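These are the structures, in structure tokens.
In what comes next, chain A is part of two complexes: it sits with chain B in the first one and with chain C in the second one.
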Partner chain A sequence: MAIPGNKDTRDGLLFSLPFLIVFVIFMIFPLVFGLIISFFNWNILGTPSFIGLENYFALFRDSKFYSSLWHTFEFVLMTTPALLLLGFAMALAVTGGSPLKGVMENVFFVPYIFSMTVVSTLWAWIMQKDFGIFNQLLVATGHGPVGWLTNEKMAMWSVALTTLWWTAGFNMVLFSAGIKQIPKEVYESAQIDGASWWQVVRKITVPLVAPTTVLCLILQVIASFNVFGQVYVMTGGGPYGTTRVLVQYIYETGFKYFKMGYSAAMSYILFLIILVISVVQYLLLGRKEEA
Partner chain B sequence: MNGNTTVRRSLFRFLEVLCILVWLFPLFWLILTSLKAEGDVVTRTLSFWPKRLTFENYVKAFTSTEILRWMGNSIFISFVTMAVTLVVDAPMAYAFAKIRFPGKSILFWLVMAGMMIPFQVLIIPLYLQFNAMGLINSLASAIIPRLALPIGIFIMKQFYEGIPTALEEAAFIDGANRFTVFVRIILPLGKAAMATVMILSFINAWNDFLWPLIAINDTIKYTITVGIANFQGTHGTQYALIMAGAVIASIPQFIFYVFFRKNIIAGIASTGIKG
Partner chain C sequence: MKGKVSLVLLAVFLSMGLLFAQGAKEPASSGPVEITFWSLFTGGDGEFFDAMVKEYNESQNKVVMKNDTVKFDNYYTKLTTALAAGNAPDVIVVHQGNMLPYVQNGSLLALNDYVDAEVLADFQEAPLSGCISDGKIYSLPLDVHPIVMYYNKDLMAQAGITKVPQTAQEFIDASLAVQKATGKWGLAIDNTTGVYKAYTLTRLFMSMLAQQGGSLLNADNTKANFSNAAGERALVWLQDLVHTYKVNPNELDYDAAMNVFKMGDAAFYFNGVWATGTLEQSGLNFGAAPLPGIMGDEPWAWAGSHTLAVPVQKNQDPRKVEAAVDFIEWMTGHGELWAKAGQIPTRKSVTEKAEFKALPYRADYAAAAAYALETPRTPAWEEIYGTMSDMLEEAVTKKLPAKQALANMEKKINGIIASY
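And then the complex of A and B:
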């Protein structure tokens, strides 16, 4: 080896240094600092006072915390299966033999390049109760208008629908990458055996893209758990708090009511939930795949 | 070919065209609304095609809102984030891939664990930290927390590992030092990985919402995402104006997509990163 070993240690340190400074100051430190804050009664104006686990105990008595947590779960349950199915269906369409597959790939993916606030603003307009195109079409065809974003039962579905349109193309990209990795010979031999299209999808494509499905599922659940922007722009958490999600409650507690300690405690619960879910999903689905 | 398959084939094509039209409709509606006069938009009855098309909303968006400012802020933030991310993360990735130094594997796993941290967990401590540093309400506050990008390090490290060490050794024999090797050999050969990371960090910075919403209070310092989100609050029922703003806000991303379509899609397929 041309380089003496002692220089390697020095070079390793020098090359790591810029990153380490940023990583430690703006990722590791806040992570630890946040945990410490969560043990304090920390109002941005007053002096912080140590209260141990009191913030966490208070959370478990806070009905707004439970409802926000539930709305987040609701959003995850509404979006995840639909996004996986639609992403997979789109991937089948763009990896098949259709002459339109190039067009479809672009069209299905393109909403994802728009920023979340643009997408939410656009759909809030489409779903506007008096002048939005959805209700105008309903009224023109003799139906009553629907409170897409103002009806308590509808609002979360409307946000979910918006999210579906926005990010289905992302899952399509992942699934089509997975499908393209399946060896052509597998399909050819299935064709020789006279398998129908549906049989091929069910017996070959679905089982062989399982690793991609696991990846999509984990990414999707985590992304949906962190939902905030769509709700903030489209409903502001309304009507009557029925779409207030956990991240929004964290944001409001911290930056509207300035209860930093309480807000930090809540974000640690969110962190814990996401961590547990990813580990459980990884273990469960990972094992199933090996069997 | 028998009649049955022809029918089936046409049916499939028809369904595909239908799906394409349905998926494109919101974008079509975005652009059409932005080109209507405000009076043609707020009507009780269905008015699909406007009586006339007009650019007045665009003129108004440019002249009576801060949209150009916000675009400038976002472009500045995104480009600086992208550039500094590379300066900070690429040497780290190279060290992980090619240099033997004590504590390397522990450090690597620590960095990879960083990928698991949801940004939402950091907002309260980061806010207090930036406040104490006097950086709140500055464009720098939107840039700094995004610079350490663990996934970017992972992508570049994987790539650098594939570059033959013999190339570096030859350079060392010629008397080059680490830095020269890194700049002259590794960076040029690692362009593909660098492109993926650049795109990733640019898109992340451009789409960031929660953090700039918290960190920046001055209207003129808003990023475009925060500006557009607050449009509805300040321009209420001027839907045509709001849509024109949304179109303007999307132009840079659209250009970016047209130029880097292949890299963006390849980047997602290889890393599975959700913005």
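And then the complex of A and C:
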């Protein structure tokens, strides 16, 4: 089998070594270290003291942990379906016959290249209660101002809307790649048979991009579970903590209150939740598609 | 072959160790001492601070200070990790309220043997005592920044108010008068999280508790101490302004409150002295005064204090420590320059200087330093401060029943203290 004189194992290891070193230092080590300190009480400055599973017990008694986790779920439920649908609709628009499809593709994707801070700051200004352009327009047309970011019923939706504007373009790219892979002949024969546009989308495009949909769904759920930046910049978790998401709580306990162990324990719970959801999604959706 | 691979790995790790080790180079021991500083001051404050550092560097030729600004949001994260690793800069700025964990973990150098006795005697007692633990001086206060009152002179004149309100009732009466005469807001107390939490509510709440002879936490900072008549009176006043008298906007965040007052849409405004600089630039016709005794005769007011400290290093260079202390002495001794940012100087000789007395507004509220409340000394403070602000925000904006809300808050705060 092996070519004489060719030392695949050695060469392979040598070639991947530069990456592996970086990977071990910046990924594996922090992962293991995080798990270890989740069993300790540690404020960075002092000596860690071992407290076993106490951090995990404590967090199941912590109402702030539950509320933050719930806000994260809320955000996932608000954004995931909308982001998939909008991404798919955009992909349909840019893979269709419109003469503007090149322009549209750029317009839809451009928001995605901005950094989180830029997008969030921009939208925070647009939605600002007293001076923002949304409320200026509302007041000018005779409506009362809306507390986009300061009302507890509106705030999470406002953050979700911003996220939709910001990241839908990425799903569009994935979906349009998926759509372009569908053989032309399928569409042609449907056309000859006199299928309407809607029938084509429903009976051909949707089933045939299913693998892409599963990929998008899993990526999107993971991304939405990790939401932090937009919330932190736009609402600061307010009003009164009603948009505080789990990653924000992890950040605050770790780097504001310096409870490193407790913070790490919460990270591991979040990790487990995402892991379980991703595996379940993959098994349920991935299997069906193979069958 | 396996042996070779592990040999290569070993070599790589060894060479990496060399790479990192070379990072720390010792400077030559002749010439001026170069010391470093991390500042959390940005924007207007940052400009005043940088100008002071420049003047210090030009005023003598023994020490060169290199100033590096860190974004406030990340400052304490960066500082704490650097202190833990023992490679913090030679001088750091720490809020008096954030010092405790660093002192407890031995991260700050006691300065008793380095500071000039004459300089020490020049400090005002209250701000300096906040920097001392068990007789050891761990930092020196650069400023005091209490919450103060700003008032719009034009709106007051239009409403026919000649005396600046002092008591809770006077604020309500004056605000109603302003609203009736001008249609503007009486007060602009921020009560909703935006870029910042509704810290103003906590600051006022703490101040009003102290004014009634109470305190947020008990004497040894082990329990909350506000679920009582004093707490209720303070919270109900804050709620009534928004809901009963409707003289303060609801769902108002920190930046919006500042804007409302700056644009002349509110008559009275409470914020830390750092707001003075911004308000000055707006061209508003306003006055400033210490926080009045809203709920009692003694006008206690929440206050923060920027202090300058010297971190403990792995290899402490005594020359650098001396240089650092020299820098700190100079900075505190030139508080009139820092007062341009609105802050109140901490040294008696500075408040006597003609340059300081000539600054508008600052002299009006300099007296507030005497009633500055010290931040409770508990490692749980940051979490208490944030949680109080969230819960007061809900209580005020949603008009929760005061008694029940305070009982819930007290329970929550006690739980937090117990978790440290």
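By definition in this document, the second predicted complex is superposed on the first by the 277 of 291 C-alpha atoms of A that agree within 3 Å, B and C clash if a C-alpha of one lies under 4 Å from a C-alpha of the other, contacts with A are read in each partner's own complex, and residues count from 1 in each chain.
Assume a contact is a pair of C-beta atoms (placed from the backbone, for glycine too) under 8 Å apart; a residue touches a chain by one contact, two chains touch by 3 or more.
Since the structure is predicted, the reported quantities are computational estimates derived from the model, not experimental observations.
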| In the superposed arrangement, which partner chain does A:L13 touch: chain B (first), chain C (second), both, or neither? | both
| request: Using the superposition on chain A described above, determine whether A:T235 touches chain B (first), chain C (second), both, or neither. | output: second
| said: On the A-aligned overlay, A:P183 touches which partner chain: chain B = first, chain C = second, or both, or neither? | reply: neither
| query | Given the touch rule stated above, what does A:F255 touch, chain B (first), chain C (second), both, or neither? | reply | both
| said: Under the stated touch criterion, which partner chain does A:F131 make contact with: chain B (first), chain C (second), both, or neither? | reply: both
| remark: Partner touching more residues of chain A, chain B vs chain C, is chain B
| task | Check the residue A:G194 against both partner chains and state whether it touches chain B (first), chain C (second), both, or neither. | result | neither
| request: Scan A:V139 for contacts with chain B and chain C and give back first, second, both or neither. | output: first
| query | Does chain B (first) or chain C (second) touch A:I37, or do both, or does neither? | reply | first
| message | Quick check on the superposed pair: does A:F26 touch chain B, chain C, both, or neither? Answer first, second, both or neither. | response | first
| query | Both chain B and chain C contact which residues of chain A? | reply | 7, 9, 13-14, 44, 128, 130-131, 233, 255
| field | In the complex, chain A residues that touch chain C | value | 7, 9-10, 13-14, 17, 21, 43-46, 58, 128-131, 147, 149-151, 233, 235-241, 252, 255-259
| query | Which residues of chain B touch chain A in the complex? | reply | 12-13, 16-17, 19-20, 23-24, 26-27, 29-30, 33, 41-47, 87-89, 91-92, 94-95, 99-102, 104, 107, 111, 114, 116-129, 144-145, 147-148, 153, 169, 172-173, 178, 182, 206-207, 209-210, 213-214, 224-226, 228-229, 231-232, 239, 242-243, 246, 249-250, 253-254, 256-257, 261, 264-265, 268-270, 272, 274
| said: Residue numbers of chain A touching chain B in their complex, please. | reply: 1-3, 5, 7-9, 11-16, 18-20, 22-23, 26-27, 29-31, 33-34, 37, 44, 93, 98-100, 103-104, 106-111, 113-118, 120-126, 128, 130-131, 133, 136-137, 139-140, 165, 167, 170, 173-174, 176-177, 215-216, 219-220, 222-223, 225-226, 228-229, 232-233, 247, 250-251, 254-255, 260, 263-264, 267-268, 270-271, 274-275, 278
| request: Note which residues of chain C are touching chain A in the complex, please. | output: 1, 4-5, 8-9, 12, 76-77, 80-81, 83-84, 101-102, 104-105, 107, 192-198, 251-253, 256, 259-260, 379-380, 382-383, 386, 390-391, 393-394, 397, 419
